[in-house]
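In what comes next, chain A is part of two complexes: it sits with chain B in the first one and with chain C in the second one.
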Partner chain A sequence: MKHSFIDRYSDRDSLIHRLDPRSKLVMTLAFIAAIVLTPAGSWLVYSLYFVIIATMVLLSKVPISYILRQSLVIIPFVLLVAVFIPFFKEGDVAFGFNIWAWHLSFTHNGLQLLWSILAKSWLSILSLILLTSTTGFASLLKGLERLRMPRVMVMLLSFMYRYIFLLTDEIMRMKQARDSRNLGGKRLRQISTVGNMIGTLFIRSYERGERVYAAMVSRGFDGQSRTLDRLRFSPLDIYFIACISLVLVCINLFNLYW
Partner chain B sequence: MQELIKIENLSFGYPDGQQALTDINLGIYRGDSVAIVGPNGAGKSTLVLHFNGILRSNGHVKLLGKPIDDNNLKWVRSRVGVVFQNPDDQLFSPTVFDDVAFGPMNMGYSQAEVEQAVKMALGLVGMSGFEKRSPHHLSVGEKKRIAMATVLSMSPEVLVIDEPTSNLDPRGKWDIIEVLKGFSITKIIVSHDLEMVRELCHRMVIIDHGRVAADAKTIDVLADKKLLVAHGLAAA
Partner chain C sequence: MHIPDGFLSAAAVGTTYVISAGGVANAVRVARGKIGEKHIPLMGILAAFVFAAQMLNFPIAGGTSGHIIGAALVAILLGPWAAVIIMSVVLIAQSFIFQDGGLLALGANIFNMGIIASFGSYYLYRLINSLLGNNRRGKLVAGFVAAWGSVLLASIACALELALSGVSPMAVVLPAMGGVYALIGIGEGFITIAVLSMVMSTRADLLKLQRI
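Now for the complex of A and B:
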């Protein structure tokens, strides 16, 4: 079965694709840190950040519609958390209404904060999508490993990436098998079928884990893992890191002293 | 001919009490191409796990005259390459290169040696140029070939393959048979695909109920219809 992969556009070729995964990882994290640390309501700064990301996206040749579509996925989650902020923030009341005995009101400050949070999280997710769609998952993992991320976590991510689609395939097949024999019946029984499916899936995954381990051991795996160092920094990486760092510093200085 | 693997009086029972192998005696010689054949549940896969010491019943299995024990497992696994039936279990890395390089890296090869070994192994199975692909984008036939490369990259003396043609369409099956024909290495092929066995193996061992039921030339075994029927390998 076909699946959409988060690194679907990662085998294209562009300036951004050619960067070393380590420099992309570090600069993405720095960029997100800068976004998060910018005070609420600095709309000029936000738009500058947006210009930077937009430039990168254009350079990366990843379809803009794809990035936009992916970025919208995060909005409901942020809204769910942030939607109550306007009601709790103190300040000038922007709007108020009564429900039975309660008086609800939200403030200008609160609204400002809500919009800022939405903008910041959208900018952050845009930069993450840019990272994952210009870097193959395998080289992203190599980069993490070189940056001294604990080996166990890198392996965990690697197995997840390798087997998650096999698992979803298995679930789909089980669902098809269930649906082709499901002739209605009580709600309760249908729910208990789902329980059985989850159990079966767990046992199958556990057994697969044992078989994978046997295959690893058969090739001399002894608990230690060894990796090759095949990543190389190029002059391009140095320009990239220097440019982004400089721009970030400038924007923040400008924001502080103006 | 030199005896590579010698199995003497091997019996094995699983912890749940199920007796999988009883009194197995078997010798594998250099240059052999042996088929291990038997019905489902006969103990074939359990036997495979004994060839490279994943399962051990100390002293009953010898590799090049040395008993396989806890201290020489690494050496054993570099000499006996086992390819498991399901390539999705065999290929667990994000890219083909990483998977084929996994064995050589565990053997402690240098970076240049690893890259050389990967190139050689992928060349042997006709999959050069697939280094950067990820396993879930490959067809079953391609996965099966890469699975063999992951073991060949360690330059083993014996290649043990569990069901190389399962889940393949006829063309994929004959492609694999051609690839296997090209290997000069000692082969142990576990299967119940008699068409492939006839093509590839000069010797055939039938395992049933955990015992060796026959061990003879392939042409002789395949001609003995009664024997095949008795062990569920042909319809009566």
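Now for the complex of A and C:
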């Protein structure tokens, strides 16, 4: 089983790991909201946010190389959405060129917006990575539940989390079997092989779902989940929430009046 | 098509969160009404299935590869509300685990790839299936168009949100995104009918499940 691709490093011990998942969730959300609402081109504010995240990363003892690598994996997907931004914004033209029949021009305003959005996305991604690499998925779910996320969603997510490993293993085994038979041929043939694999996985998953439900009912499942709840706020959480909120308020006041 | 944080305006974030929360809440209510507490393990495991199926890459063109979204496949096999539940669970987990799609953009992503893609593909499938007749060919053609349409509709919703957030003019983002995803959707279509024809020939009873 390949466990390590989900919530890696979340079982370590540090000041950040010891925080209650609720305070981490709420503060991450507030932090990302502050990042997103910062106007375009406030580079000083962005760098202050970066300093805060960097401090947290150092405190959390999660390897910096891991966090950077994880954030760079996502950047191509961000760029995929961002490519649609810098064309045809009003303003001075920075540079333009002709592709085939189209004339594309990049304006200073458009580019400024593009860089700001990329910076904001990257900062938000860093804070999310910090959250998930310091909080195990199970305690994250417990935190979400206590923050009034509907119980059904929490149960669905915890079921999914339980079976991700199993089903990923299953598809990886099928992939290995396929590759060892030297998959080749035309593209349509390859696509139909992938279709067969997904179809097989669907049938197995559906049957597994029925078996799991039967096993649960025979043990008295009635649609509720009962778990021990050991979440507790500590003084550490109060310091953490107070510090981050104070810093966020200061940065935003500074940004408004300067 | 996962929108990251930083692209959407506060108004777009708020609106899509409200719509998606309402949609998911209703989906859970419908599922509970139809299959009782069984929906919890079944939908949870099928969400893990979509998650695993998205890890399989297939060749598209010119050395690039892609993976399916899966909303159309689940909507055709299990019904649109089940697809809304499954896709939103997948999207929440992807946002937290892989940072694929932002936390504040989650409402928009669930709206595009959960609600729009599921309902769009489900009704496209029903419409074309009834036009072509309920045979193997009719089902496969309907499946292809539904899967292709789910990708296109989701990308159009995504483009509208970006345009309304003021990051890109409508006249640019709408044709550009729609055009790109109309091509990508062909892959989704082919994979979906490959899965459907496989299920049809091995476990045809699974195509007659109660739709949720």
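In this section, the second predicted complex is superposed on the first by the 237 of 258 C-alpha atoms of A that agree within 3 Å, B and C clash if a C-alpha of one lies under 4 Å from a C-alpha of the other, contacts with A are read in each partner's own complex, and residues count from 1 in each chain.
The rule is simple: contacts are C-beta pairs under 8 Å (C-beta built on N, C-alpha and C of every residue); 3 or more make two chains touch, one makes a residue touch a chain.
Note that the structure is predicted; figures quoted are calculated from it, not measured.
After the overlay on chain A, what do you see for chain B versus chain C, clash or fit?
After superposition on chain A, chain B vs chain C: fit, no clash.
Given the touch rule stated above, what does A:Arg189 touch, chain B (first), chain C (second), both, or neither?
Neither: A:Arg189 stays clear of chain B and chain C.
Does the superposition put A:Gly220 against chain B (first), chain C (second), both, or neither?
In the superposition, A:Gly220 contacts chain B only.
A:Leu228 in the overlay: touching chain B, chain C, both, or neither? Say first, second, both or neither.
first
Return first, second, both or neither, reflecting whether A:Arg208 touches chain B, chain C, both chains, or no partner chain.
both
Could you look at A:Arg69 and tell me whether it touches chain B, chain C, both or neither (first, second, both, neither)?
The answer is neither, since A:Arg69 touches no partner chain.
Which partner does A:Arg173 contact after superposing on A: first (chain B), second (chain C), both, neither?
A:Arg173 sits against neither chain B nor chain C.
Pick one for A:Ala138: touches chain B only (first), chain C only (second), both, or neither.
After superposing on A, A:Ala138 lies in contact with chain B but is clear of chain C.
Scan A:Arg18 for contacts with chain B and chain C and give back first, second, both or neither.
So A:Arg18 meets neither chain B nor chain C here.
Should A:Phe159 be classified as contacting the first partner (chain B), the second (chain C), both, or neither?
A:Phe159 contacts both chain B and chain C.
For the overlaid complexes, name the partner, chain B or chain C, with more touching residues on chain A.
Counting residues of chain A touched by each partner, the higher count goes to C.
Using only CA atoms and the superposition described at the top, report the least gap between chain B and chain C in Å.
9
Quick check on the output: what are the common chain A residues between the chain B footprint and the chain C footprint?
Shared contact residues on chain A: 137, 158-159, 161-163, 166, 208, 212, 216, 221-222.
Could you pull out which chain A residues touch chain B in their complex?
Against chain B, the touching part of chain A is residues 11, 136-138, 141, 158-159, 161-163, 165-166, 208, 211-212, 214-222, 226-230.
Spell out the part of chain B that touches chain A in their complex, as residue ranges.
So the residues of chain B in touch with chain A come to 49, 52, 54, 74, 77-78, 81-82, 84, 86, 88-95, 98, 101-103, 105-108, 111, 114-115, 132, 134-136, 150-151, 154.
Can you list the chain C residues touching chain A in their complex?
Result: residues 1-8, 10, 13, 24-25, 28, 32, 36-38, 40-49, 51-53, 55-56, 58-59, 68, 73, 77, 85, 88-90, 92-93, 95-100, 102-104, 158-159, 162, 167-169, 171-173, 176-177, 187, 190-199, 202-203, 206 of chain C touch chain A.
Spell out the part of chain A that touches chain C in their complex, as residue ranges.
6-7, 28-29, 32-33, 35-37, 70-71, 73-74, 77-78, 81-82, 84-85, 87-89, 113, 117-121, 123-125, 128-129, 131-132, 137, 140, 150, 152-153, 155-164, 166-168, 170-171, 175, 187-188, 190-192, 194-203, 205-206, 208-210, 212-213, 216, 221-223
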